Amino acid sequence: MALTSKDLKLVTNPLNMENPITVQVLGICSALAITVQMKSAVVMALSVTVVLIFSNLITSLLRNTIPNRIRIIVQLTIVAALVIIVDQILKAYVYDVSKQLSVFVGLIITNCILMGRLEAFAMGNKPLPSVLDAIGNGAGYGVILIIVAFLRELLGSGKIWGYQVVPDAFYEMGYVNNGLMILPPMALITVGTIIWVQRSRYKQLIEQNG
Amino acid sequence: MSKITKITQGLDIPLQGGPQAKLVEAPKPNAYVIHPTDFHGITPKLKAKQGERVKAGSPLFFDKASPEVMFTSPVSGTVSAINRGEKRKLLEIVIEPDAQVEYESFTKGDPTSLSPEQVRQNIMLSGIWPSIRQRPYAVIANPNQSPKSIFVTAFDSSPLAPDYDFLIQGQEEAFKVGLAALRKLTTGKVHVGIHAEKTKSAAFTQAENVQVNRFSGPHPSGLAGIQIHHIDPINKGEVVWYLDALATATIGKLFMKGAYDATRVVAVTGSEVKEPRYVKGLYGTPIKNFIQGNLAEAKDYKPRIISGNALTGAKAMEANGIGYYHHQITVLPEGNHYEFFGWALPGFGKFSFSRTFFSWLSGNGKKYRLDTNFHGGHRAFVFSGQYEKVLPMDLMPVQLLKAVLIEDVELMEKLGIYEVAEEDMALCEYVCASKIEVQSILRKGLDMMKKEMS
Amino acid sequence: MKALRNLFDNLKPHVEKDGKFHYLHSTFDAFHTLFFVPNRVTKVGAHIRDYIDSKRSMALVVLAMMPALFFGIWNVGYHHYLATGVEATFMMMFLHGLIKVVPIIAASYTAGLAVEFTMAQIRGHEVNEGFLVSGMLVPLIVPVDVPLWMVFVATAFALLFGKEVFGGTGMNILNPALTARAFLFFAYPAQMSGDFIWISGLSAGEGIVDGFSGATCLAQAAAEGFTGTLHNGLGQAYTFWDMFLGVIPGSIGETSTLMIMIGAVVLLVTGIGNWKIMLSFVLGGLAMGLLLNGLAGYSDNAYMTLPAHYHLVLGGFAFGAVFMVTDPVSAAQTDKGKWIYGFLAGFFSIMIRVLNPAYPEGVMLSILLMNVFAPLIDHYVIQGHIKRRLARATASAK
Amino acid sequence: MDTNSNSYIYIFSSVMVIIVAAALSLAATGLKERQDKNVEIEKKQNLLSCVLIESTVEDAEAKFDQHIVEKYTIDHQGKVVDAVDPFTIDMKAELAKSIEERHMPVFIAKLDDGSTKTIIPVRGTGLWGPIWGYVSLNDDNKTIYGAVFDHKSETPGLGAEISSYDQFQKQFEGKTIELGSYDPAKEAKQQAPVLAVTKGMGEGNPNAVDGISGGTITSKGVQYMLTDCLGFFSPYFNQTH
């Protein structure tokens, strides 16, 4: 089973040009809440991706049998069921991370990316493209989350993945971690900056093409 | 007497070189120059061809949009040149005059005994109609509309402006007849705006069958827009016409003599003029004939010659004819020089509205030689509250300009753009610390609005 | 001067449109216009223009800050020697302050210039004078013992995110200097609050007199409630006039209400500062202060008994009233809007100061909050204006 | 097949609900044990760290069983109440009750050197939200052996420092608590602190620790929390003496 370039695009487009966070501006709330540390961001990204893959897959498989009138409820049920299962698993196997993610795992249900992809893509496409689309969007979401979390953890706590990277010598010289980076507004500003940079570059691309 | 309308916001810029009450005659030129560009918003269609003979009052061109309004020659002679600019834009019509002026003849008679239609036709054919302008849009009045009132300004408050009392001398009767003609053009009132203290001429203060409104305060109290705003404000959908007292007198002469008399008295003013005084000449006389031999020795600066006043006039060459709406020539020093740390010095000799220079300590009465330097660079709208201090209107000038910048026609209308013209907000432009081009922005808005409405 | 003129004239062709170094024209212009008012003449519109320009106005604002700055410099020295128990002359105090304060000013201007020049260069704009003011405001509203690199980072952040992302001076919503202060407050809370940072030398523990406390008046009132008097580090009570003169610990330039009032006079006489905002801000603060005094009986918050007029001379209130809330860009633009804006900013300042124990300095937050609301206030004022115009039209139609 | 007919929709929803319900209950029951274990381990680790024993997720259970030798539930008169399991007591709920109905847990740890420590859980309010922790006392019931605190949302760099061992918790070791004037009828704010948490007072003062500079409210919160929770145990301490 070879992937066509069209299939490949389903995975690569959401990474940049159709990024769910910076271009479609979906799923911002969780991006703000759980990006204080790399670890929780990665777990969150994986959780969203897993839920997205399975819900896209299930929805796509069922797409011809789902009654149109109750399709939103059906989609919601699928997502909710998957989210609860993921939440349970996290609580059981990575307790400390699940504590940090707290309600935000549950809130994956309300993450606009999920319902958006189900409604916009999985309801009208075959299972394989749906899974690819889910992988792409999950990854696009994850990439931004990880970039934001990287900056916030580095500047806010002087650590990456929980390990201190800013040498003690710096602290002795008077360096202080930036407390603002830990506060939610800074996640917004970081995302905003990424969007700023991306748009400036995107504009150049257009100029070259046209 | 009617009550005085006090204008509190505004500014009389203390420029050097106001005119003395002395009148001389300009030397007769060998060519008169008419500029169709004096009239904003028209598309001129030539009526006279090159080499054609014309009389004073013969049509030279008309506006494509209202072909019944003629723009006529001030003098009899031969059309010697028609000069065009880019995109064949009509710039100048040059007329070589005859030795003796011959006049085209128009209807003669007491306007009160003529029908409104006859009065209107007479003014339109003679070439005086363009001196009547309208709000909204500040363009030549549309003869097919009926204005709710007509405003005649009988004083000019602009910097170094001519004294209308002086200019009207000998034309008192013509002014009276002119007012009578104007009364035929509206079902509403005719208003004459005079300065409460400065206007002395009985022709103005005792004008009959019109409402005489007295104003006091600094510039822009003499502008029609301000007077209309305070006496009979324009609302959406209404039209008001306005003209100055001298154009009114010209209309009067038309009915008295049956001819277009384009004579006008021009104040030659400004710090670069040796002897600021009044000079008589026909409309279309090149500026050099008015200022000949009267310019100060140019030492450090080149002079800038302006047809009109320093705030709203047009930059002109010596060979250009005097503008249609102008009774004044201003000559100022060109300011193309650098000034070392100019923004940081105390600035005792620099006049500023803002008191940010120490010149305000030297008190009133001092006159300044101001040049045409920009005194800074363009910035975004930063300071607020300056415009309101020099705009005596119940308007939000900054918001209005911003509405123009974002091209929101509806908002412009809501904020009252139909009440204003560039000249009303020229002082805003003068005082602006961000050096915003207020007048051209506003004109853009007015044009946009006019296009949208037609 | 002649030589400088020649230098610029020689350089100019290189940065003009076809010149080799055209890309540097913003930087060139910045220096050029700093030394010389340019030779540009009017082309359209009014032929004469007022001598005032934004450089002039900004320079005057900076000038107006000078009394507060010089007093602040002396005050830094005064408190340093008070804390260390060393007898000192006026000159010693002033010199000590100078050594402490000048580097902060330098750090702030370096950051400001770096951001302004870079952004102007990237965008091809003229370099804006806004940083002249912001660069001086920032040092005046920080504690003296703030690390210099923090000043640098905060100023750069504030200019970049408080101003440049909006399009530069004149387009920003928030006051850049306050943005810098807020950044410092939230990013480095330990360095921005507490009792050790307001007096030079205290945080390093340089030979302090026994029992000396570096708490500001506001911190005292917040921690212990107002018990009748506020006192200096040695426990001697302050009179109202001490606080008015500014012989109290606090941010460098904010302590002396008297000096700030001299600045206010400069701003008001020159017409740069807006008296409506200043007055309404003070009225708002007084109103809230009196309201709290009135309600103090119903609460166990002893802070609420602090007399309303004390609030005006304590903390950053006076400084905020004269230099912050009046910032023409971030304030309300309409006349009525200015009254509302100023009043609410003053009102909330005291409310946050007294009722929220986490933010002893409510002025900063309150003004930033009102910055955000200023466009909304303006919107309603404009709508009101439009309604009034419409009403006039219908009245005359009848 | 008409997927929009009512009967189809009923059948579809019913089947879906059954499947989802089955999947969820399977997940919930299958993982319950592990999850509960995680919560328990965390609590045990906290208790151990209060008596300065380091533990990992893996060895926490073993160390807990080895060192925590006794646990009681105490009422306001210092009597042991058997009915309630001290390990599962919800502090938040207990503190909301009146003093007479309040039940608080206490743990007795036996260290490797043979000494026994009493561990008291504490809970209170900081500046922005709840703060909590454990305090362990030497067997004189006066000297603090160790203390751990945590918080939900205190200001990073200021109030949040209470969860730092080096910056804050360390200085509690060896301090004494003063229960003499404790009056259960009064609020914590109105009475003499069991242990003062005030800036600049800690050094050389056995009955006080340094508050956090700039974190005055949180520091006071810790003081009130200690007064409230340790004060509750004063009858109990008197009996054990």
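In this document, chain identifiers A, B, C and D correspond to the written order of the chains, with residue numbering beginning at 1 in each.
The definition used in the following text is that contacts are C-beta pairs under 8 Å (C-beta built on N, C-alpha and C of every residue); 3 or more make two chains touch, one makes a residue touch a chain.
Quick caveat, the model's predicted, so the values are computed rather than measured.
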Query raised in the report: Count the touching C-beta pairs: is A-C or C-D ahead?
Result: C-D
Report summary line: Whole-angstrom distance, CA centroid of chain B to CA centroid of chain D, is 85
Query raised in the report: What whole-Å value do you get for the distance between chain A and chain C if each is reduced to the mean of its CA atoms?
Result: 40
Requested in this report: Just give me the whole-number Å value for how far the CA centre of chain C lies from that of chain D.
Outcome: 45
**Report entry** chain A-chain D separation of Cα centroids, rounded to whole Å
**Finding:** 34
Report task. Would you pick out the residues of chain C that each touch at least 2 other chains? Result -> 188-190
Query - Numbers and ranges of chain D residues touching at least 2 other chains - result: 155-157
Query raised in the report: In chain A, which residues are in touch with two or more of the other chains?
Result: 176, 179, 183
Query - Touch-based graph of the chains, sorted into line, ring, star, complete or other - result: other
Query - Chain pairs that touch, as defined at the top of this document - result: A-C, A-D, B-C, C-D
Requested in this report: Using the touch rule from the top, collect the residues of chain D that touch chain C in their complex.
Outcome: 127-128, 155-158, 161, 199-200, 213-214, 216-217
Report summary line: Contacts from chain D onto chain A in the complex sit at residues 3-4, 8-9, 12-13, 16-17, 20, 23-24, 27-28, 31, 34-35, 38-39, 41-42, 155-157
Report task. Enumerate the contact residues on chain C facing chain B in the complex. Result -> 1, 4-5, 29, 33, 35-57, 59-60, 126, 128, 167-171, 269-272, 274, 328-329, 331, 333-335, 382, 385-386, 389-390, 392-393, 396-397
Query raised in the report: If you look only at chain C, which of its residues touch chain D in the complex?
Result: 188-190, 192-196, 213, 219, 222-223, 357-358
Report task. Please give the residue numbers of chain C that touch chain A in the complex, ascending. Result -> 147, 149-150, 161, 165, 183, 186-191
